[in-house]
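This structure is in C-alpha cells; I'll ask about it shortly.
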Amino acid sequence: MERVGVIGLGVMGGPMAANLVRAGFEVTGFNRSPAAVERLVAAGGRAGASVAEVVERSTVVLTVLPDSPDVERVVLGEDGVLAHAAEGLLLVDCSTVRPGTSTAVAAAARERGVRTLDAPVSGGETGAVNATLSIMVGGEAEDVTRARPVLQALGTTVVHVGGHGAGQTVKAANQLLVGGISGLLSEAIVLIERSGIDPAPALSVLAGGLAGNRFLDLKSEGMLRRDFAPGFRSELHLKDLGIALAAAREAGVALPMTGLVAQLFAALVAQGRGGQDHSAMLALIKGLSGGPTGAERGRRETTAQ
Amino acid sequence: MERVGVIGLGVMGGPMAANLVRAGFEVTGFNRSPAAVERLVAAGGRAGASVAEVVERSTVVLTVLPDSPDVERVVLGEDGVLAHAAEGLLLVDCSTVRPGTSTAVAAAARERGVRTLDAPVSGGETGAVNATLSIMVGGEAEDVTRARPVLQALGTTVVHVGGHGAGQTVKAANQLLVGGISGLLSEAIVLIERSGIDPAPALSVLAGGLAGNRFLDLKSEGMLRRDFAPGFRSELHLKDLGIALAAAREAGVALPMTGLVAQLFAALVAQGRGGQDHSAMLALIKGLSGGPTGAERGRRETTAQ
Amino acid sequence: MERVGVIGLGVMGGPMAANLVRAGFEVTGFNRSPAAVERLVAAGGRAGASVAEVVERSTVVLTVLPDSPDVERVVLGEDGVLAHAAEGLLLVDCSTVRPGTSTAVAAAARERGVRTLDAPVSGGETGAVNATLSIMVGGEAEDVTRARPVLQALGTTVVHVGGHGAGQTVKAANQLLVGGISGLLSEAIVLIERSGIDPAPALSVLAGGLAGNRFLDLKSEGMLRRDFAPGFRSELHLKDLGIALAAAREAGVALPMTGLVAQLFAALVAQGRGGQDHSAMLALIKGLSGGPTGAERGRRETTAQ
Amino acid sequence: MERVGVIGLGVMGGPMAANLVRAGFEVTGFNRSPAAVERLVAAGGRAGASVAEVVERSTVVLTVLPDSPDVERVVLGEDGVLAHAAEGLLLVDCSTVRPGTSTAVAAAARERGVRTLDAPVSGGETGAVNATLSIMVGGEAEDVTRARPVLQALGTTVVHVGGHGAGQTVKAANQLLVGGISGLLSEAIVLIERSGIDPAPALSVLAGGLAGNRFLDLKSEGMLRRDFAPGFRSELHLKDLGIALAAAREAGVALPMTGLVAQLFAALVAQGRGGQDHSAMLALIKGLSGGPTGAERGRRETTAQ
C-alpha cells in the first residue's frame, strides 16, 4: 500500500488527509502552521517537520495549495518536493492552478524520474469532509491507475480527462460555469424581486424546468436570506476565473461571457465581499440597480399571492 | 366542469389541447391553418370556425400564441376574444409575452367583466406532449384556483407566482437563465475541446459537481455531436431575451450578463441559425475563435486517454 | 421662402425655432406648455394654438419631440400633422426615434402627398443655441435639397446619409459611440485614480494620442470634478441606446459592446442618476469597485509628482 | 551631454535610436539581430556587441522591448543591465509592460544605485519615425528632469504622470480606450453598412460631433476599404489589454467593458488576424453577424442617396 504524504493541510487538505487515514493509508502531513499538523496527528496521521521529511517518507505525495506560485515554490523551489524526491515518486497536485503550471511541473519532474498528475477537486469543504469530491485528473493513464485507490478515498467521482494539465483545464471550465451561473441567477432574482414578486415560489418553478441547476438548489435559499457565509469565497473564485482566462489564452480561444463574469467578480472583491460566498454576486447585481435591498422592497411591494 | 377553448394549436397549443381532451374537458379549438384544427378533431375535440365561436362555446379560453402583437390582436382586436366574451369568462394566456402586455390585457378585460391569468409554460414540445410543463401563473388567487384543474392537465408544476404579469416576469427570468447557461456551457466546451481534451468524460465530471445543470444533462450530448435540431429555436430565445430586457427596463433594473447574452443570440440568428436549437450557441462561440471545428481538431489533437 | 412650423419647443426645439427666426424665416411654433410658445413670440416668431394651426400656416414643418410614441401621436394621431396637411407639405422630423418609426411615418405621409425627412441632430443644447448642430438626414434627394436652407440655419454640418430612416440609423450609431466612449473613459479614469495617479496630467497625454476623442476634450474636466450637471441626460442616452439596439435588431446585426453599454446606462438610471449628464457613468464605474470616491482617495494616496 | 544606450532596435526602437543620433547624442545600440544594429551604424550610431557593452558606454540606457519577460531578462537577468551598471546610471524603460514589472525593476535597481523611469510611448511606428511620440513617464521628478532632453528628442508630448509604474498604468488606460473605441467604431460601421447606408458620408457626420475621435479620423478610411495592414498589430493590442486587466487587478478595480473588449481581441487573434491592424476588429464584428461582407451587401442594397 502506498505511503501518502500531504502538503497543505488547510480547509481542503486537512479533511482530505484525515480521510486518507480513515481509508487505511499511512499518512504524513506538513503545513506551515503547526496547529493543522496537530489535528492530523490527532486523527491518526504522522507529523512531517518539513516538505523534505514528507517526501522522504512517502511513495505518493499530494499537494493541496492555494495558487500557482505556492505550487511552484513547494514543488520546484530550493528545498522543495523535487529536490528531495526519489525516482518513482508520484506527485498528485490537487491545487487549482493554471494548466501551464501543471505541464511545467510535469516536465521538471520527468527529468528527475518523478511521475505527476494534476487532480484538482470540486465540491468544497463539505465534499472534502465527506469524501464526496469530484476529481478531474490529468496525466498518463498508468499513473492514474496507480493513484486511483488514493483518490477514491477522497471523492465519489474520479475521472481521467486527458494529459498533463487537462485536469486543470476541466476545473477551469467548471469554475467559469459556476461563476457565470451565480451571475445569471443573481440577475434572475433581482428581476423577480424588483418586479415585486415573492422570489421563493418563483425560484421553485425555475428549479423544476430547463433552467434548473445545482447552484440554485444549494445556494438560492441562502441568497434570498442574504446569508453569504462561505462556502466558497469570492476571492478564490476570482482567482479561478483568472486561471480560466489564462487557459483560454493558452488555448487560443475567446470567452466573452467569462471575460465579463471575471470583471463582475473583480467588482465583488473590490466592494469588500472577497471573504463572502460566491453567491454574494447577488449583492453586486442588486446594488448595480441601486435603491433599497430587494428583501426590504419585496416586503413593501409584494401584494398579490 | 369548465368548457375549454384553445386559440393557437401550434407546436405547443396542439398537444396541450389534446391533453385537455384526454383529461375529460370539452375542448373547442381554433387555428388559422385548418390542418391543426383537424388534428384536434381527430383527437376528440371540436372545431371552432373563428375566435368568436371558440369564445362563445367556452367558460375558459387558453391562448397559445407566438408573441405580444399576436396576443394583442387576438384578444384586444376588432373581432377578438374580448369583443365576444360573456361576463365571467376566464382567459388564460399561455403565450410568452412582455409583462406589460399581460397587465394591459388584464386591464382591458376587467372593464368587460372578464377574468385573466398569464400562464406561460416551460418544458418545450416534449413537456407539452407529455403534460409535464412547468407553468408560472400571474393573476388573482381565486382565478388561479379556478384554472388549476385545467392547468394540471397540462403540466406537473403549477405555481402562482404573483399578480398580473408576474407569470411573464418569472418566465423571462427562466429564459435569461437558460440562454445564459447555453452560452456558458458553450464556452466551457470550446475551452475543453480546443485544449485537446475529450469533452465527453470532462462534461460528465462537470455534471456531477456544483456546475451541474439540466441544460447540460439534456443538451450536451447533442452539442458534442453538433446536432442542433430543435428543440427550442434560437430565434424564439432571442425574442424571449428581448422580453427579459424589456421587463428589466420596466422594473428599473440592469442585467449586464443578459445584455451580452441577448447580443450573442442576435449574432446566432444573424448567422442563419435562428431555426436551430438554442444549444447551437456552441457553433457561435466556436466560430468566434475561428479555425477548424472542435470535433475535427479534437480528433487530431487529443492524444492522452 | 418657406414658412416654417416647429412643433416641440423644448430644450432643443426652442432655440432651433429662434435660430430660424433669426435666419429670416416666418416661424410658427406650438408646444403643450405655453411658456415655451411665449418665448418664441418674444424672439419674433408666431404662436400656433394647435398642431393644426402650425400645419396650416407652414410649407415646412419641423417636429422636435422626445421619443417614438410622441412622433407617432403628433404626426399620425387623430388631430395630427397628416390629418391637416396639404399636399406638398415637407415634414422634417428632428426627433431621435427608431428608424422604423421614420419609415412608417414616410409611408403614411406618402399616401397623402406629404414629403418627409428624418433629420436627427447631434450637438446638444449648446449646438441648438449656437446653430452648430450636426444634422443627419434620411429621405429623398430632392426633399433634402428643398430642406437644406432651413437646416443650414440650424447647424454647421448637414449630410444626406441615405433613404428614409437612414438619418436615424446614423444617429443611433453616433449614440452608441458616445455612450461607449463615456464608459471606456470612465474605466480609464477609475484605473488611473485608483492606482494613485493624478488624473489631470494623465488625461492630457491620452488626449494627445490615438485615444484622443471629443468626449474626453469636452467632458473630462467636469468628470474629474464630479460635476455631472447636464449636458445630455443619462436617461435620454439610455433611450437612444434602446433605439440603437432596436435598429440593430431590424438590420439583423449583433452589437456585443452596445448590449453591455446599454445595461450600464440602465444601471446608471436605476441608481437615480438619470437626470445627470451621461458622463456620470464615471460614478457608476467607480462605485462598481466600491470604497471611497476617487477624488477623496486620490487626495490621500497620490504622493509622487 | 548624456551618452545614450538603446537596447532593442525593432520597429519602434530603431527609429527612436536614429532620432537620438539626429539630436546630437552619442548613441550605442544593441539588438539580437545584427541587421538592426547595422542600420543604426549607418545612421551614425555605434554598434554594441552586447547588453554589457551598451551599459558600460552609456549614462542613460533606453530599453524598447516587446513584453514583461523580455524586460525582466534584459534588465534583471544574469548578464543583464543591472549586472553591469555603474552607480548613477539612468535606465529608461520605453517598453509597454505591467506596472508591477516597472516597480519590481525600480526596486532591484535602487539596491545597486541605479535610477529608473518607466516611459512607455504612444503614437506607433509613424510617431517613432517622426519623433512625435506621446511619452508617459513614471518615476521620481529629478530623474524625469534628467531624462527630459533625451525624451524630447523622441516625442512631442512628455508628461510626468506619477511614481514608478504610473507611466505603464496610463499607457494601459490609453490602450483600453483605443481598443474599446476600435470595437465601438466597428459596431457603428456594421450597423450603418448592414442598414444599407453608404458609410463614408455617415462617418463624416460622426467625426464632426461628440462621437468624434482620432481613431475614426486615422483608421476609418482604411476600415471601409478593408485595408488592415498594420499600423499596430492586434496581437500586441491583445497583450496590452492583458496588461490593463492585470493593472486593474493590482489596483483592485473592475473594468467590465475592458473585460469584454479583451475577449473580442482574443477572438480576433484566434481568427488568424493577430498580424493585422487593430482596426481589423471590424472584420470580427462583421463576421459575428454572418452573411456577405458589408462592402458587397452595401453595393447591392444601398439605393437612395
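Think of it as A, B, C and D in the order they're written, each chain with its own count starting at 1.
Everything that follows uses one rule, which is that a residue touches a chain if its C-beta (ideal position, glycine included) is under 8 Å from a C-beta of that chain, and two chains touch if they have at least 3 such contacts.
Note that this is a predicted model, so its numbers are computed, not measured.
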item	value
Least hop count linking subunit A to subunit C through chains in contact	1
Copy pair subunit C, subunit D: interface residue numbering same or different (half cut)	same
Winner on C-beta contact pairs when A-D is weighed against A-B	A-B
Chain whose Cα centroid lies at the greatest distance from that of subunit A	C
Cα-centroid distance, subunit B relative to subunit D, in whole angstrom	50
Averaged-CA centre spacing for the pair subunit B and subunit A, given as whole angstrom	35
Residue numbers of subunit A (touch at least two other chains)	248, 252-256, 258, 260, 264, 266-267, 270, 288-289, 291
Residue numbers on subunit B that touch subunit D, as the complex places them	256, 260, 266-267, 270-272, 287-291
Interfacial residue positions of subunit A with respect to subunit B in the complex	99, 122-124, 134-136, 139-141, 156-157, 159-166, 169-170, 172-178, 180-181, 183-185, 187-192, 194-198, 201-202, 204-206, 208-215, 218, 244, 247-248, 250-258, 260-261, 264, 285, 288-289, 291, 302-305
Partner subunit A, residues of subunit D touching it in the complex	242, 248-249, 252-256, 258-260, 262-264, 266-267, 269-270
